[in-house]
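Shared between the two complexes below is chain A, which has chain B as its partner in the first and chain C in the second.
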Partner chain A sequence: MSTFDFLLQGLTVALDPMILFYALIGVTLGTAVGVLPGIGPALTVALLLPVTYGLDPAGSLIMFAGIYYGGMYGGSTTSILLNTPGESASIVTALEGNKMARAGRGGPALATAAIGSFVAGLIATLALAFLAPYVVKLALVFGPREYFALMMLAFVTVSAAFGDSAMKGLTSLFVGLALALVGIDQLTGQARLSFGVPELLDGIEVTTLAVALFAIGEALFVASQGNTVVEKIEAVKGSVWMSRSDWARSWKPWLRGTLIGFPIGAMPAGGAEIGTLLSYATEKRLSKHPEEFGHGAIEGVAGPEAANNASAAGTLVPLLTLGLPTSATAAIMLAGFQQFGLQPGPLLFATSPQLVWGLISSLLVANVMLLVLNLPLIRLWVKLLTIPRHWLYAGILLFATLGTIGMNPSPVELGMLLLFGIMGFAMRLYCYPIAPVVVGLILGPMAEQQLRRALAISQGDWTTLVATPVAAGILLLATLALVVPLIMRMRGKGALLAQLASEED
Partner chain B sequence: MKHTLLSALFVAALAAPAFATDYMIMAPAAPGGGWDSTARSMQEVMQAEGIAGSVQVQNVPGAGGTVGLAQFASTAAGDPSQLIVGGYVMVGAILTNASPVSLADVTPIARLTGEAEGIAVSASSPIQTIGELVEMMKADPGSVSWAGGSAGGVDHITVGLLAKAAGVDPTKINYVAFSGGGEALAAILGNQVTVGISGVGEFLPQVEAGTMRMLAVSTADKWQGTDAPTLIEAGYDVNVQNWRMVAAAPGLSAEQKAAVSADIDKLVNSAGWKSMLETKGWANTYLAGADFDAQLAKDIESTTVVLKDIGLVK
Partner chain C sequence: MSTFDPATKRRPNGAAFIIAAALAALGALLIWQGFAIPDKGGYAGIGSGALPKFVGFALLVLAVLHIVSGLRDAAPDMPRPHWGPVLWTVAGLALQVILLKPLGFSIASALLFACTAAGFGKNKLALTVPIGLALSLLIYGVFDQLLRLKLPAGLLERLIFGG
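Here is the complex of A and B:
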């Protein structure tokens, strides 16, 4: 039977009323936990695992997958409206999304996020069905040196995409890199910069830092301005729905985001954050309106949101084909498979085709359900912004604090949240960009570990970094991305670049 | 919030006998890992079998369980209704993190389950036996790169013990730590490293599918599901079991400790626990009382020595 026949057969499983019901529970719960900071899809699935013990395998696995997709959807809502990313994959969405929301364009921002997630989820799920065996081969080609090269590319492109002043952007990035050093060094097991505080041994949680810098810092800043500022949050300006130009500016980022997110999600050490960061950088570079970035460019929401949903589907590639869990949620889904005596891995497609294809088909169904569930809610969500400002910010503070405590009930975590919040306030006051700090914290440890792993494997031989065509190719691309603009600028060629440069400094 | 709600639902659904004790089990790890699923399995079986009225699980993740352990030792002292799940990984983490709180600060009750460590290579690797691998290590320890879990963890310790037993300098081993099983497995399958080490369960599906070859297991006896030799059979005196245990609060009276031990004994001998072990694929390596205390002391001692040999602990 061909893949297509299997998929059709899977759809008959997925359209069973009971299975549909499980999928509905899954996506509803997923959206809810995605909206609530602190409760991620991983925790929800872990809590539900014992409850589903008595259910049939197909139904509960499909419910888990619904939670996973739903969580990716819901995470964008708080990012856009409250500048409070619920999970690390939606941090980038907050950058442009929240600016849009404050300019009265929360509706289109939420809509492009929802539709982008749908488009990405749809394409990526189909890709999962048809391309999984090939994508997984590609993923296995990636070893430490290739990941290191990928991180370098991410650093170069992403840091170029931030900020109006290169000096301030780099300062922020290095603050993030310094924070990334805190905790147990993974390769030697030794503690670094933890000053004897056991809670610091696992390093600084990315979401804690992001919520502190974005939400707490913002709230403090607004409070410090008192009533003197006239800047007013407009809940709705123009249509709640996307305009023709919004559509025109969104569809390409959706597709590009999917293209970036899916393969990176499928890589065992990829993860959703890298995909969203690369997508953001790509959109900024390709946009016809680069000046809008930082002030609410719709491309900056559409691309990363598509990328993060595509990477969720990508994560299922190594899980279903190799039994490799590459994210916390995937690890728990693996536990779910095992609970029913199923061993995901190279044999799963052969031993339980009905279940696998049922799962893939119900992801398609869940994706449609999510769109139907989320689009009407947008009108309701944007009403949040009509809440008077002092109440809104009090609410944001409460929400951010609760989320952090919910994730890790420790006074130290709360202390960090407040401390970084004050740091975020100071950075705003002196006009330092905030996003590079978070980028440094995400990319720093990955780049360091992959570099050291590569060198350990090669026993200290640096040429290993360019020893494979893939690694060498990516590094070359990164070098070009760094050097070409410099040379062009030095020679005074390229009016566009010169103009860009003058805007940058 | 959600947690309490679910627990409440659970209690309502499984209305247990009124006289049974209530327990609060701390899983010193994030949801989804081995300790968390051990704690949640205990919760489920203890409630279903009526060993306890209501059981709640609390996750305190961090630093190989030492964050949770420190919190448990200070807040649960003298409270017989509090339990903590832990394991061999904690023994190493306490040493490498120079944790101020150790297993001596809680009351270990029993070892519940355990798993052998497996040593495996990708199917396309030229290495056929554990003997060949060790010869390579003897010739040039650095040329054999090992993919495994976090530095100083049970995977790393096992490699160190093997090197010592084979007469290779343990400080020279080339151990590459990966976070999470998936990444290490990908590195092995993708031939990025020479050999991999992890819990046997992680490798078995790959071995069945013919993508990996198991060279040896680390326990004294052969492991179910693979005919790979034990390290002892292969001539290296290494016996490691990655076990999970349950401990009670510090400062309990002898009667209180006996009551907790009796409840755990009831749990382990219940039909529910047996079927739970079967579905999870866990081996029952129950060991309690003085035997467990002696085994624990032995493990702590050998771990301290090997971590010093590797150079992770001064």
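Here is the complex of A and C:
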């Protein structure tokens, strides 16, 4: 069967009323958390993991994907109207979008962001559908050493390649790897670092760590900054519709943004921010109105917004076909799959085609829902921004602890939540990136297994790791991703990399 | 925006040394545990103890790097954190852990809610505690009764929801 048949088959799953309902919940929640500063899609999926334990797997996963897409849509609203990005992939949007809003052109800015997200989401999801079967075929020839090499590449790009300091990124990564070692070794059954505490034998829960770092750490950090900052929300004046010249100036950036965002999301390069920055730089160079950049150029909103949605779809390529998460949200979605006893990877396409293609098809449906939710209802979402911060964060912490309490109300688990929360606060305070900890915790055990399997196959011969051109090539790429930025920083080009910092999603 | 504060300027970068000490302690712990594990490598040549040792050594290297950068670079300019709000929030979380079992989900969570709100500047407890309680009870009703997520029940939950 061709991809097209699979997609049609998937649509029959996606159009099931119950599944539509799950998708609607997902995109609504996703838009809301995207709009609200301080909580992102990674955290929301982490919070919902324990809640969905008893629900339908397909529906829950579709809901998670909806949250991911919705977060990318909603983030632009906050960036444009508040100049505070709702999530990290929308930082660039704030540059031009907020200037447009101040100039009374908030409506068209929101419209080009929403329609750009729609166009990019649609194209990128189709690209995901057509690309996935090929990657699956490729993945079938991958052995443990290739997977190990891919994971090394993911580790390096998430932690060291971008951001203002490789040392800080690597520190975060190794803290995550250290936490990953707690519990029973999956290959030999040996208990490690559990110190006789039975709760630790199961290892550290991804959701506990993610919720602690993203929700509690973030709340403590915001609290520590005092209540001095007064943020001004720009009202949406006039029509949200775009003029003819807005359309003319937007459609090319949308397509270019998609073209840039999708491959970057699909590569193990960590985060949607990089694509948005590249798209912004491209638009600035190609624009016929370069003088408008910095004063509200619509291209500077259209391109990056398309890029961040395209990279969200791109992230799903390695996640679904290889089981390899390349962003914090994808890492937590992987935990979501595992919760239902599903292991993303080539095998999933063979064993649960209904689920995989249902998921991909419902992303197309979710995109349509998001366009409807975001364009006409934009004024409703803006209202969310007027919730006072004390109610907002009190509510966030209440829900943050709810997930852990529902999963395992033991004092050990809740104590870990508090401990990691304080750790997350310290990391935020001293500018250590958070995503590498989560990625380290999830990918750490997988990388260890693949390494030891590869070595067992070769009877302890380490050269096996570079014995195939694919594995050697990927490892070389990973080394370059570690070394080249170090040289760039030494030559004083670190500012560029600091801008590309990969934060959360 | 970081505000200019002469008190924080030219401070030795103490944070880097504290972080270095923490990393070194964690690294040492991992190496110790790595050696404590009987290492039966099998075919692979490396066993359960190898990775803890490797990560431990990496953490020690990172600790050294932190000391070097702490000696070389000045402390970054950053606004002094307000500790009051942080302590309120941490106290709320700690209270919830302690009170969850004896008093049940709703009361413990209501106190967390009120403490967090206080941390963010809303310290009228007579207002925030009842709101928190109402919200927690609503959450308990939806999640425990409808979605079958087991939440610890206390006196209040048994009075309202029975069972």
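Observations on the structure shown:
One rule holds for everything that comes next: the second predicted complex is superposed on the first by the 268 of 505 C-alpha atoms of A that agree within 3 Å, B and C clash if a C-alpha of one lies under 4 Å from a C-alpha of the other, contacts with A are read in each partner's own complex, and residues count from 1 in each chain.
Methods note: a contact is a pair of C-beta atoms (placed from the backbone, for glycine too) under 8 Å apart; a residue touches a chain by one contact, two chains touch by 3 or more.
Bear in mind that the values here come from a model prediction, so they are computed numbers and not experimental data.
Of the two partner chains, neither chain B nor chain C is touched by A:V135.
In the superposed pair of complexes, A:A456 makes contact with chain B and with chain C alike.
In the superposition on chain A, A:I332 makes contact with chain B only, not with chain C.
Applying the stated contact rule after C-alpha superposition, one finds that A:H390 touches chain C and leaves chain B untouched. By the touch criterion stated above, A:D202 is placed in contact with chain B alone, chain C being left untouched. Once the two complexes are overlaid on the shared chain, A:L187 sits against chain B and chain C alike. When the two complexes are overlaid on their common chain A, residue A:A178 makes contact with chain C while staying clear of chain B.
Contacts of A:P409 after superposition: both chain B and chain C are touched. In the superposed pair of complexes, A:L324 makes contact with chain B only, with no contact to chain C. When the two complexes are superposed on chain A, the residues of chain A that touch both chain B and chain C are 50-51, 53, 185, 187-188, 190, 406, 409, 453, 456-457, 459. Every residue of chain C that touches chain A in the complex is listed here, in rising order: 15, 19, 23, 26, 29-30, 33, 37-38, 40-48, 51-52, 55-56, 58-59, 62, 65-66, 69, 76, 78-79, 81-83, 85-86, 88-90, 92-94, 96-97, 100-101, 105, 109, 112-114, 116-117, 119-122, 128, 132, 135-136, 139, 143, 147-152. Residues 33, 39, 42-51, 53, 139-144, 184-191, 198-199, 201-202, 268-269, 318, 322-326, 328, 330-332, 335, 338-341, 343-347, 406, 408-410, 449, 453, 456-457, 459 of chain A are the ones touching chain B in the complex. Chain A meets chain C in the complex at residues 50-51, 53-54, 167, 170-171, 174-175, 177-178, 181, 185, 187-188, 190, 192-193, 216, 219-220, 222-227, 388-391, 393-395, 397-399, 401-402, 405-406, 409, 411, 414-415, 417-418, 421-422, 425, 429-431, 448, 451-453, 455-457, 459-460. Remark: chain B residues 1-3, 6, 9-10, 30-33, 36-37, 40, 43-44, 60-63, 66-67, 70-71, 96-99, 142-143, 145, 150-153, 156, 174, 176-183, 185-187, 189-190, 192-193, 204-206, 208-211, 279-281, 312 touch chain A in the complex.
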